[in-house]
Structures are given as C-alpha cells and as structure tokens.
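So, here come the structures, one by one.
There are two complexes below, and they share chain A, which is joined by chain B in the first and by chain C in the second.
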Partner chain A sequence: MDLFELVNFYVVPGIVLGSIYALGAVGITLIFAILRYAHLAHGDLATLGAFIALAAVTGMGVSPYVALPIAVLGTAAVAVGIDKVFYEHLRERPKIVTVMASLGIALMIRAVVQVVWGVDTQTYSRGIVRPEDYFGIRIRDREIYTLLAMVVLVGVLQLFLTRSKWGKAMRAMSDNPNLALLSGIDNKKVVMLTWVIAGGLCAASGFFLGINTELKAMMGWHMLLPMFAAAILGGVGRVEGAVLGGLIVGIAEELSVLVIPSEYKAAMAFAILLFMLLVRPTGLLKGKVL
Partner chain B sequence: MKTKLFALAAGMMAATALASVPAQADVKIGLIGGVSGPIAAMAPAMIDAAQLAVQQVNEQGGIGDGEKLVGVVGDSACNPQGGTDAATKAVNIEGVVGLVGPHCSGAVLAAAGSVTIPAGITLITPSGTSPEISGLEDKGTVFRTVPSDDFQGRALARTMKEMGYGKVAVAYLNNDYGTGLANAFKAEYVDELGGDITQFAAHEEGKASYRSNLAELAKGGADTLVIFDYGDGTGLTILRQALENGFFDKFVGGDGMKSDAVINELGAENLSNFVSSSPVGEQSESLDKFNEAFKGVGGDPDAIFANTSYDAAFLLALAVEKAGGKKEDVAAAVTEVSNGEGEAILPGEWKKAKELIAAGKAIDYKGAAGEHNFDAKGDVPGTYALFEVGSNGFEVVTEMQ
Partner chain C sequence: MEFVGLVNYALFMAIFICIYALLALGLNIQWGFAGLFNAGIAGFFAVGAYTSAIISTAPADGRIGGFDLHFVIGWIGAMLAAGLVAWPIGKICLRFRSDYLAIATIGIAEIIRLVIKSEPVLTNGARGISNIPRPAGDLGYMESQIAYLIIVLAVLIVAYVVVERQFNAPWGRMMRAIRDDEDAARAMGKNVEFRRLEAFIFGAALMGLGGAMFAHFNRSITPEAIDPMVATFLIWIMLILGGSGNNRGAILGAAVVWIIWSVSEIATDRLPHEYAVQAKYLRLFLIGLMLQLVLRFRPEGLLPEPLRGDQRSTKSGADRH
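For the complex of A and B:
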C-alpha cells in the first residue's frame, strides 16, 4: 500500500469524521464542565439540526451551506427550550436524574424527527460527487469545508471563552460554581449560553455528517458513543481537548480496519473510551475527573 | 391550577382509552414490520398489502361468525430488540391470534425465539430470508412466504457466473440477513463454481464512513463489489462511497439493495453498472388478481415483498378460520390450507374459502408470490430475477435459476 492510498482512503476520511465528532464533543464537554452531567440527547439534537437544514434546503431552495446558520440558530433555540422545559426542574436533584431525563429527551427528539420528516434516508442534494485530485490527494470540497468549519467554529468559541466577559463567566462556573455565584455571575444566563453554544455546535456536527453521507433518523444516535469517547479522551471541560479527541477517535476508527476485522470497527470508540477511563481518567489534556 | 390541569388531562386520556377499546368480537392479527430503521422505505407497501388482505376478509363476511379481522401494526425497527418488543406487545397486550412479520431476519429470530414460540403463536414472515430461520426449533409455528436466502445466494452466484463476472469482493451487513445471504453466496460461488472471492468482510451499520472498509475490499483486484445490505441504510452509504471514489466498476446487490432510495439518492445515471437480485412472483392468475386488487387500493404491486406480505396475511386469515379461532390450532391449519390438496383458492377469494371451510372441504391457497406448499421447516421454494436500473426504476435483466 502506498502513502497516497493510506492518506486518501484512511486518513482523509478519518479527519473528516474526526471533525464531525469534534463538533459534537465540544458541546458535550461544555455541558459536562458547566452543568456537570452527561447529556445523552446530544446525538439526536445533532440529527434535529441536520433535518432543520434539510427543511431549509427543500423549503426555501437555498444551498446547504446557507441552511447551516439557520440550522445552528434553530437547534440552539430548541436546546434552550428543552433546558427550560425539562432540565431546569431537575437542577437541584441528583445528576443521574437529569442524565436519565436526557435519554428520554433523545427518544422524544428522534420521534419528532421521524414524525415530521419520515423515516426514509434523505440527502441534501441528489447524485454523487467525485473528489478533486490535489497532487495525488483526493479530497471533495465538502470535506475541506467540514474541516474549515470545525476549525473556525472552535477557534471562535475558544476566543469567546478566553476573551469575553461571558466566556470568562462560563469558565468560572466550570471551575467553581459556588464561588462564581458569590462573585455575582448570573447562573441562569450562563446555563442558557451553554445551551446556545452546545445546540449550535450540535447542529453543525449533524449537518456535516449529513452532507458527507446521508440523513437518517438514527444518524446522531450512532455518533453518541464516539463523541463521548472524544470528549473524555481530550479531557472533560477542555475545548481543544475535545477537538484533539475527536480527530484521534475518527482517524483511529478508520485506521482500525487495517489491523482488525471490519465488523469490529464500531467497537474502536468504545475501546478508546474504556482505555482512557482506566489509564488516564483526566484525559490527554488534564480535564476534570468525573 | 396544575393539579386541575393534570386531572383534566387524565380524564381525557381515560376517555380516549375507553373509546378505543374494540368490540370483543374482533379477531386481531399482528402486522409487525420495520416501519422505522433501515428498511423503512419498503415497509409501507408491505403493510398496505397485508391490510388489503384484512380488508378483503372483512368485506366478504369476516372471520368466523361474522367477526371483524383487525390488523394491529407494530414497529420492529428491523432489529432483534425492536422485534421482541413489538411481538411481546402484540401477543401479550393486543392478544393476537398470529403474526405477519417481523420483516427483518434478526427481528424474526428474536421475536420467534423469545415470544411467539413459547406462547405457541403462529408467525408468518413475508421477508425474513435468513437461512437461520429454517433451523429454528419452532414446533411448526414459524413459516415464511418468501424463500430462504440459501436459494437466493446460490441463484445469484450461478447467474453471476453465467454472466461472466470474474473476481468479486463481498461486503455484508453484520446481522442475520447479511451473514446468511453472504455465506450462501460464498458457498456456491467459490466451492461449487470455482469462482474467486478476493475479500469477504462484514461491516457494522450506522457508521459515517466506509471508505477504509472499501479500500480493504478493493485490495486483491476485484472489479465487482457484491453488497448484502439494505439500500435504505448502510448499503446506500457504501454504494455511494464506492461510486464516488471509484473503488469498483460493477456492483451487485441482494434483495435488500433493491430499494427506490438507492435510485432516488444516487440518481439512475450513476447506477448503470448496478444490478440486484430479488424474489419475483411467478406469472400466474393469482399474481394478476393480487396486482389488480392492490392497484385498486392505490398500491404499487411491483413493490418488493408486497405480494409475499399479502399472502402471509391472507394465509394467516385462512388458517385462523380453519382453526375456528383457536390460537393453538392455527399453526397446523396454515399447512392444511396450503398443501397442494383440495379446492384452489386464489387471492381475494375469501367468501369461497369460508364456505368450503364451513362445509369441511379441503382448500389449497395459491398465493400471489407462489403456491406456498410449505416444507417441514416452514419454507417455500422461490424464483428470482436480476434487476438493473432503467429509466423507470428497476427493470428485469434476466430470470435466475
């Protein structure tokens, strides 16, 4: 096997997949760090985002990339709404209650998607796209956009967290919620902001999965485990860690086919998750221990 | 205020619950199918065809003493878990006398093993094709109106050999359907015909990328990829990524790949080198009768497994009538009403059948998809054809032997 084959068929798909995982994992890691629970509806929220974009594409006839901001805003609004209607009432209860509630929310979101958009497999645009050849490396435009969008979105988020007042407030909540409250940070606004960001990134993740493959009602649910593996691998609460974790899980899944039978490819994320929890629960970049 | 609202809601729920309790005289059969999941695009036509049989029964005098036959639809989601849940609900809560479905082999095996066989309920699947189903210890309660994939895999291998396909790579979904079909294909193509399978690999469903799998499959220089998967699910992703990256020149699919989703999403212009096999009804008076009736209710008679679904439901109704509504006698009655002996009953001839049964005469159902003379394992032999993608969807290339 030559180098080009390795890059074209294993590394490039791995990076694209990893970018999609990373977008989701960043949301998971933020919710983990600030609200302190595992949000199991994350995958299905991504599905919803992908389908909102589809509605914009089919309803208004715009290009998928124009539909992306619509999906991001729509899903962010839904995420905030879900928090207000369901999670807010469980805030003072043990965290496991919210985790279980989020599983129920996942089923509800999926059911809504199935009722509204049906259960058939769909795509943003019909037909197939053959890749362009860049000096032997075969890449599609949409794959470049996926990676670029991930880098830009996460870069902006990182700037926001480190430079802006509200970003700092979010980090303070993550470090020590009681102290943050004492110093006058508005708890409710921070929670809302977290959901806006997590929901928006979720939609982006689902959108890019949809544009690179197909839209299915179960698409997000299948991504949940790799996204959690990515968040924990990178270190919970670390945005750059989630990106690193996402890319590693994505590339590891694709490369795994070289050494293990392909039917076990799906187990790769699980193996990484278990290994990290056993060996280094703080993750690569020293996140929180849960 | 909140309590009042709750009370109101509870009251309304109770009211609807009361309203929806059916009359005691209804006889229920379960129509369990993959309404959601990877065969979601195929399921509606299959369930509609089964409902057509139910409708005909009710129009022509109903079951037993003029009782109404009701088809209770359940979703198996095309997986073992969903199949068990849907079958449990149908058997224990709805109290069905028999099941049509589930559609997918994995769901059939799970539903039969953990629900219908212990309960002694008859199960007729219109599309569960895994060879594993033949081997179930089912006390004669599991039937199918579709031939086992052991036949299909072998027929496909022989047809491909005749058409001059050379080295092939095989990608199959890692479930009961994919594994069964792939192994039957391999047994015939390699062991019997001396063909060359360069790579033979399973894959899991629901992943975003299969390019690394495809790159592995392409090693060994095969120009043809044989896919045993569902065209609404992973099979579509694999076919798309194989086409986009030019891994293979030619593509062959099993019956699961003969889905309109493939044409709708990839475009017929890209599928000139794609063929798929599928069971077809032999030309017969029965098939014409079914086609006409199904068109009459707005259905597409060429939809995959529509005729087998209709046959499964009609057979089950005949068996229930024959057994006098006794659940435990239904299984034996299925073989009695379709064993090649007695007065022929064609699709839709419920009134005639009912009269003959009442008179104690033997009847023989000649179904739309075949005669359905079940063997000891509850299987039927079948005929297949190979389809290509033409301007009007799937078109027959050749019959398969």
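For the complex of A and C:
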C-alpha cells in the first residue's frame, strides 16, 4: 500500500470523523468541567440536531448548509429547555443522579426522533459525490467543509472563552465554582450559556455525521463513546484538548481497520478511554479528574 | 381454554418478574449499596446468557461447546463469567467518580454486543444458540412453566436472603458509609476501591445469573433477544421506582414496572399497524419520562432505604463528590 492510498482511505476519513467527534467532545468537556457530570444524552442530542436539519431541508427545500444554522439554534434551544425542565432541580443532589436523568433523556430524545422521523436511514441529498483530486489526495467538498466548520466553530468558541466576560465567567466556574460564585458570577447564566454552546456544537456534530454518512436514529448513541474518549483523552475541561482527542480517536478508529477486524472499529474508542484512565486520567493536556 | 391461557400468561409474567427482580437486586448491590452507576447491565446479562448456553447445550458444529453439562454448572459459570468481565472494568474505573464507570460500562456493553455479533465460533452469530435445556422442560407446557417458576423463585429468595443479610451486616453498613462519605470511610481505614470492586463484581454476577435464567427459560439466546438500551433502562427504572437501597423495593419495582411495560405492550399491539411502530417508541418515551418524574417527585422510591433514627435527616445533605 502506498502513501496516497493510506492517506486517501484512512487518514482523510479519519480526520473527517475526528472533526465530527471533536465538535461533540467540546460540548462534553464543557459540561463535564462546568456542570460537573457526564452528560449521557449528548449523542442523542446530536441525532436530534441532524434530524432538525433534515426537517429544514425537506420542509423548506433549502440546501443542507443553510439548514445547519437552523439545526444549531434549534438544538441549543432544546438543550436549554431540557436543562430547565429536567436537570435544574437535580442540581443540589449528588451529580450522579443527573447522569442517570441524562440516560433517561437520551432514551426520550431517541424515541422522539423515531416517532417523528421513523426508523429508516435517510440522507440530506441523493446521489454520489465524487471526490476532487488534489495532487493525488482525493477529498470531497463536504469533507473540507466539515474540517473547516470544526476549526471555525472551535476557534470562535476559544476566542469567546478567553476574551469575553461571559467566557471568562465560564472558565472561572470550571476552575473553582465556589470562588466564582463568591465573586458574583451568575450561575444560572453560565449554565444556560454552557447548554447553548454544547447544544449548538452537538447539532453541528450530528449534522456533519449525517452529511458525510447517513441519518439514522442510533447515529448519535454510537458517537457517545468516541466523544467521551476524545474528551478524556484531551483532558476534561480543555477545549483544544477535546479537538486533539477527537482527531486522534477518529484517525485511530479508521487506522485500526488495518490491524484488527473492521467489526471492532468501534472498540478503538473504548480501548483509548480505558488506556487513558489507566495511565493518565488527566488527559494529554492536563485536564480535570472528577 | 381462556382460563388456561390466562394462567399460562400469569406464569410467564411471574417468571419474567423473578428474572428482572434478580437483575434489579444485582443493580441494588451496585447502586443502592455502593453508589456505582452501571449503564451496561445488558452486557453482563448477555455474558451470563451465552456462557450458560455454551456450558449446558449439547455439542454442536462450528462453535465452541456445548459441553452438555448440568444447568446448575451453567448458571454458576454465568455468574463467574459476568464477574470476570466486571473485574478489569471496575479495577480501572472505580478509582474515579462514578461518571467514569457509567461511560465505561456503556462501552463494555457495546463491546460485548460487537463480540456476540461477530464471533460465530463463540455465539453462533445471528442465529444464536438454541436448544438450551430448560430445567424440568420435558414436562407438559403448564407444568414445565410452574416448575421453572419454582426454580427461579427459589433462586430469587436465596439471592434476596443473602443480599438482605449483607445489607444489615457490617459489610453493608461499610458499603453505605463509603457511598455516602468516601473520605470519612477512607479515614477509618476502609479500602474504598477494593470494597467498590467487590460490590461491582457481586452485582455483575447476579446480572449474569439473570441472563442465564432468561436464556434457559427461552430455550435459546440470539443477539436480538433483548434490546440492550431498553433492558438496561428498564432495570434502572425498576430499582429507582422501587427504592434504591431497599431489596424489597427492588423486587417490588421489578414487578410494578414489568407489569406496566407488558400491559402497555398488549395495548399498543392492538393498534392498527401504521401506529404500532410509533406506539412502541412512545412507550420508550414514557418510560424515560417516568424516570424523570420519579427522580423529581419521589427520589427515594416506593419503599425507601431503611435508615435508623436521626440518619434520615442527614441523608439529603450527603453529597458525594
């Protein structure tokens, strides 16, 4: 196998998949660090985002990329709503209770998707897109858009977190919640912002998975493990870590086909997760361990 | 005829309630006693089911076994295998907060599902393993069901007595101490990680046994026999609704939730075909909503954890970090 084949068949799909994981992992890492629990409904929230975009595409006949902002806003609103209705009153209880509630939410979101959109696989647009050839490396347009969107979204988020007042408040809550509350940070606003960001990124993640593969009700649930592996690999609470982790997990999954049977591709994320917990639970970029 | 059908259905339900009660008891050891979040119950269930199937079926071509051994050996094997799967996961994850265990158990359930689907040598692939002997299965239909119910009930009673004794024994008090205040328990010289590992493995072993009893009752086990997410979630809602930390609550919850679940299935099956599929998912939505409502309005469940005197007042303040 020559280098081009390796890049075309394994590295490029790996980077695309990794970008999709990264978008979800950023949300997971923020929720883990700021709200301090593992949000198990994250994958299914991504599914919902992907299907909201599908509704916009089929309902209004717009192109998928126009539907993306609609999905992002819609899913962010749903995420805030779920927090208000189901998670908010559990805040004083042990955090693990919220983890349990989120498992139930995952089931509920998936059930809604299955009732509204059915259980068959769907796509945003029909037909086969041929990849363009860039000096021997074959890339499809949508693959470039996926990577670009991830870089832009995470870049904007990083700017927001480091430069703006509310971004700094979020980081303060993540570093030391008691001190942050004492210094007058409005916890409710920080929580809401976290959900807006996590929900929006989640929808983007689901959307790009949908546009690069296909839409089905279980698509998000199967992303949950890689997304958590990415968040922990990068270091909980570290946005750039989540991106790095996502890319590593994505590429590792694609490359794993070379050494282990392809049926076990999904096991790669799990292996990475356990390995990190075993040797370096703080992750590559020294995040938190809850 | 109608009456016989009803009795048969009641027996069928009772056997399932016993099996689910055993699973809920296993989860109660993990969650109720030790505060460990296992989101991969279906994985341990499947390990138990397949292990017992391999041990007790007649030799077959193209897969390992069967070894044609007595079903009791199969059930013991199922418990050992499920415990053995739980061991490394617990070993790695129990040093951290239970969130990590939740993620890892989702992972292990997924891996077990992959192995079952893609290792025909072990599990006979999609066709699954059939002709699993049912204890007292050569009697007539109803007699055989009654006999199996007695066996399952006996196992459940033994498990209940053992777990209940442990709850009141020093071990149970220590587990609850670790659950409610890890640091204090550690300061008193308890080996927190090891004790949690014990609880995790014991619970997993009971789940494996539940899986084995399911496989022997159905006389077969296939990858599609249970929906992993639904099964895991049903057992969670059984324990939470019944009352986590209370063994009788776990059994009561299993009965209540299983009856609601089955009756709603009968109701949705009567719907015209075009709504039947949607109604199936609506049920899932409602069971998820039920968990949210219980967590919100009755977090202690129908039968709360028995606490003595002034401990009750401090419980709500106990926040595990």
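Here, the second predicted complex is superposed on the first by the 290 of 290 C-alpha atoms of A that agree within 3 Å, B and C clash if a C-alpha of one lies under 4 Å from a C-alpha of the other, contacts with A are read in each partner's own complex, and residues count from 1 in each chain.
Simple rule for what comes next: a residue touches a chain if its C-beta (ideal position, glycine included) is under 8 Å from a C-beta of that chain, and two chains touch if they have at least 3 such contacts.
Everything numeric in this text was worked out from a predicted model, so none of it was measured.
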Chain C versus chain B on the shared chain A, clash or fit after superposition: clash
Contacts of A:20 with chain B and chain C, given as first, second, both or neither: first
First (chain B), second (chain C), both or neither touched by A:224: second
Which superposed partner A:177 touches (first chain B, second chain C, both, neither): neither
Contacts of A:167 with chain B and chain C, given as first, second, both or neither: neither
Partner chain in contact with A:281 - chain B first, chain C second, else both or neither: second
A:69 touches, of chain B and chain C: first, second, both or neither? neither
Which superposed partner A:263 touches (first chain B, second chain C, both, neither): both
Chain A positions touched by chain B in one structure and by chain C in the second: 114, 118-119, 221, 261, 263-264, 266
Complex interface listing, chain A residues touching chain C: 32, 37-38, 40, 86, 89-90, 92-97, 99-101, 103-105, 107-108, 110-112, 114-115, 118-119, 221, 224-225, 228, 232, 261, 263-264, 266-267, 269-270, 273-274, 277-278, 281, 289-290
Of chain B, residues touching chain A in the complex: 35-37, 40-41, 174, 201-204, 206-209, 211-216, 219, 232-233, 236-237, 240, 243-246, 261, 264-267, 269-270
In the complex, chain A residues that touch chain B: 1, 5, 8-10, 12-14, 16-17, 20, 114, 118-123, 126-131, 138, 140, 209, 212-214, 216-219, 221-223, 253-258, 261-266
Footprint of chain A on chain C - complex, ascending: 35, 37, 39, 89, 92-93, 95-100, 102-104, 106-108, 110-111, 114, 117-118, 229, 233, 236-237, 240, 277-278, 281-282, 284-285, 287-289, 291-292, 295-296, 299, 318-321
